[in-house]
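Have a look at the structure below, then the notes.
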């Protein structure tokens, strides 16, 4: 009664309801997962702590836990993988958990993913070494904390949509990601749109929609 | 010498450099437009006040001024129009200038555009009456000020990417668009990405990239 | 001596003083409860942690603890229940503790309450399925975090006062409820007033005043 | 085509659509007023500058301009006046325009209104002299800028709902009303709900709904 | 070497250096206390946690710990007590720790202190019952969290300086005292000055200076 | 009827009501001044623009306008001047209008005033040259914009109360005085209390109360 | 008497006092300039509007006005120009006025200056084309608005100190330069320090100190 | 694969990549340290907690942990120490950890360092006693929390570059260092540049660059 699982969502938007784990009890999450499982829908739960995961797996041992990504998944129907791919790029090492949330989401939704991690602009040659890979993507997710400058540099070098994910990495005047968020919204490069701080899931969701335009063979 | 026009941008990103008019003198804008014209690139200038426009047209009478959109354009090579279209949706009447900036940009870039204006959620039936049109779009731009709730409602009803544009419409705790911006970043609907306050141009730029995926025949 | 319990409040405003538990010691709370009990006034304490509750119940075993609502109550004089009711609506599952604080408060004050939980606008059909119930209420409390869009949608569909309660549910640019609060203050729907973040108690207090206008038979 | 007037709103919510004048052209406002007039609905337009008013009255001479309140009204069907009344209270003289916006709105909607102006708490005896009037109201609107303390004092002295309207009166750390808004949301008095800065209209709209509960004879 | 105790301060400003305990190790605090003790200066340390206090008293058993006030003191030379007094007033029970920090400081500096606690404006009669005491003070310290309205009410009723201390009591839009601070800076009552959030010490320091003007016999 | 002049205030607090000119019409100000004049109370109006002053003087030619201070005054009963004095100190030249508002207020209230202007800490010797004068004051008002460091330096050198007035002087990250305000609230010097940005009047009001303690002969 | 010109500053810090023009009258500025002129010190005044400049030049025709830079200068003793140079780099065309304030300041202080304007990272090749010039500088000033990403890219490519100047260029979430400021403080490149928004003067002042280390022959 | 160590950085900028420890696992840090060690580059890791340090030293016992500074270092090639020195100055005792981060960094980079701790402006004579030492430095780092006034006083007394480091020391309106940061950016003293809150490392990095200009013999 605490929850009305939106089982029509898959039909309406192409994707089933996703469980946001923060602030939910293990019992609540298990109940929602059961409803999805019974309806043969893919399960994706984000923001799941290791303790929660352990509790959930006691009830539902077939649900997989992705530790770095803090996500749980269960595949009801495996989707065909797209030929085109989503590039997931990070500025630093500490941005990786958010990037992995994006990667796990994108892969569950049937997207091929290429990861290019730790190529922040303070060492520009690292980015330039991988720019060709990035350029071949159908859509690029850029994950960065601190000042988020990587977004503008990538945005100026590619001709596909860039989705920017600010992270809460940093200290002091980084304001837990607010500075990166504001900087990305002001990017001097065009073709950049932005999601909430640490929202790897949301970036992957939009990227998956874009990557599937024109079918999975593209 | 005040400006190094980025004439390679078209090759690199698929779109020529765009002129941001605010804070530039008429002479500076005219000089940049001349450089683009000479290189046979389309001209788009945003945030052009009527006074600036008048001054520019004295020097360059072939450049068109779109008054509501506050933009100037000159077409060097007309692009074929896409079959698929971008829906531009506004919550209220006062959001229209930003929506028009998006529409002018999208059309210059060869996109078919459908406008659905003044369908804010306080009168939900207005939105529901037009939801079928919106659902047929390949990508949706939602323009809203105040609390920006229209984004979440539209986002929950479509299965294509939604680009949200907060506007500076409102007063008091609307903080010149900051509240709408923050609300949109927190949208409970998935598949929403966000651009800067009043940035109709940026939304259309990304939407055009997405709308062209799979070619103009789609 | 640390406290001057406002025993006249019931006469002056119709409702006895309420204990805000945060930052008070068990001894302080017990002392205030004793003063109210001795004066035959109803007891309501909010923001009581399980540890505090256990300590208080050692001294005062007749006081009930509502765990999800984090409230304690003791009924001195049971009030007649109103015929008209207050609807308490939430956007998500994690908004429920705040909604329960509102429900416990409203019921203690003699109001009939109808709960409609987890009907956020990302799945609009869930709300539309329950809109008739909501429309029959004399006053509606809407509890939502993140971007708070549910308030505007409900506000546009009913002809009774809506009291909006932003919650601290969310992350990143939700700013612990500030975004929802600001969004609700800017609601494009008329007839909406707002209380502090997570203030289920305050919403129920005002709703109870409204629900009792015209007597309990209405 | 810039506007879809919500002519069903009266049926749905009991009140016709209201025109927010800021940022609209005279032509747009006149067109919306015509649509309402043709449908025999009451007209209320807020935030109308004297220049706009003059332009509108050229086209529609029967629409009245309330200068201090910055509102325009036209009565299609005069509503019976309620017996119960709404008290509109201000802290200072400079809060009066916002209070008048509330009063004009409330009167148009058929409410009896009592005004108690300039009774800020720095001279408490002024408030105490008028507290009996205020106590007889069915609902109280308190309008205050600066630190907004009047709300808490009134809230502690009455047993009816209080709707607080922060105003942008003040300077420096008043942040154009933000300080009053935040203070009111934190009021130590119960039974207080809050609307946006300077939103006299919104306060009156909710107050009217409350004042009509139990019919106009109460 | 980590510290240069300002042993001249007593001569220069009339008061010895005071130890701010937060972020200092027990060893650092003991060393500074030893320097003051050796120089026959009064010791006052604020923001001392119980754990720190226990450690300090192992080395310096003669230093007293005031638990509610979170202060430690040692009197080198007892000052004559003033005839005039400082009133320390709080809005609620949870404001008491800050008020006690003020009281301990004021008493160490030789001031007579009168405490009037829990007289917030939601129950105005509680304040009015004690207003005569407050009016006889030479200076008044008002300690309040949430919206801080007590400051303006007291400020309008007395003819002596009022020093306002905002506290971090509250939740949501109280912003850990920021709302109370801003409200107090905007007080509509004249004669109010303000110190930092939770700064009971600073308020008492200034109050002591004022209370000693005209000598201790006044 | 727009105003209830608080004619009892002089008896209650020792000082008559003061007119805050911003946002009031000339007619409103004249009416309030007439009420005060008729009651033989001193007139002080702050924040009066030259245009307002001209209009007021047409009706009331005996009221003096202090242009730099933006104040108007009329003396009903000249008060005896205190022997002790208030020092008014500024950091820069552009802080002078606020300092003059303080000086005009203080002098009207019968205080001797000493002005020490433009002694900001970037040229510390300027302050040290005048420190003896400042030290002889009974209370010191320090007026500063930008980072407000002068307050801490003065506060560390005197043994009397310091009232800090942040000004809106500066640009960029000075946030119209907010930075100076916050810095002053965090002053490492004790004995400092703070008033609102640009509030020279409020500082002088409190300073006058303090300066009169112990009578005017002190 | 409004001003105590700090004529010792040149001896103490190596540079004479500089006049900050905003908020000063023409008479005040002329008086300060006269004092400096009489003492044979170089004159630099910043933030001088064209109207102010015209008024000043009536009194002091030998003072030069730099229009784009909004500065006035008069050279008392021409300093030898350094061999090493300061690079002044801007991201866009609209950042030039701030860059010119830096250049005028640096040149008055005897520094060789190289300007590299409009090389923002959205067109990275423009920066790479000029990077050799920038690398030869002894210190680099980077001037950028919007998201300020240029700072991190330049900072990662040079081995000399970078001084970052955020500008108020941008709109919406650029917050008049606050976003650029915060981004620059969080730069992932080391060796970056930051000055206030639009503070070209301050950047040049520090750069001049650095550029002169080791003498003017370096 | 989580990390692309920027081994070219030493050649490009003169300094090897530095490890920011926060949010990294022990394994990640050890792997990066190994890469640097293998390439004969100096190791510097900042923000290392004692627990992390213990884990790292198990794998790499030759890496030194500086506890107060929360840094780890390993010297590959010892650099010659400069003759000129960097002064590191703090306002209080609690600012020392940040100062030590600066000192450890500066010394690793071959700079002579002089520490002047606890000389805040509330006891100005402490600073004046050490001003000669500070004046002989080639560059000064000032570390201060609360209101950061020490920066302006030092900045007005020296003729070399000052790098200001705000610290998160303070409470209430210190906003974890934001007030100090803003105050320092607004310093009325020229020649001051600023780094992020608590960024001792960044200040030392820039200071080292400056201190090495003109060679190590200067």
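Going in written order, the chains are labelled A, B, C, D, E, F, G and H, and every chain counts its residues from 1.
Simple rule for what comes next: a residue touches a chain if its C-beta (ideal position, glycine included) is under 8 Å from a C-beta of that chain, and two chains touch if they have at least 3 such contacts.
Computed from a predicted model, the values in this text were never measured in an experiment.
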TODO: Quickly list, by label, the chains bordering both chain C and chain D.
DONE: B, E
Open item on the list: Starting from the defined contact criterion, work out which chains touch chain B and chain F both, please.
Closed with: D, G
TODO: If you tally contacting C-beta pairs, which comes out ahead, A-G or B-G? Let me know.
DONE: A-G
- [ ] Averaging only over C-alpha atoms, locate the centres of chain D and chain F and give their separation in whole Å.
- [x] 36
Task: Whole-Å gap between the CA centroids of chain A and chain D - done: 45
Task: Of all residues in chain C, the ones touching two or more other chains - done: 12, 92, 122-123, 156-157, 172-174, 178, 181, 185-186, 190, 196
Open item on the list: Can you give me every chain pair that touches, using the contact definition above?
Closed with: A-B, A-C, A-G, A-H, B-C, B-D, B-G, C-D, C-E, D-E, D-F, E-F, E-H, F-G, F-H, G-H
Task: Complex interface listing, chain B residues touching chain G - done: 1-4, 6, 8-9, 12, 17, 20, 22-24, 28, 47, 166, 168, 176-178, 181, 196-199
Task: Residue numbers on chain D that touch chain E, as the complex places them - done: 91-92, 120-124, 146-149, 151-153, 155-157, 170, 172-175, 178-180, 182-190
Task: chain C partner contacts - residues on chain E that touch it in the complex - done: 93-94, 96, 117-119, 122-123, 125-126, 169, 171-174
- [ ] Within their complex, state which residues of chain A touch chain B.
- [x] 12-15, 18, 138, 156-161, 163, 181, 185-186, 190-196, 201-203, 205-206, 209-210, 213-215, 218
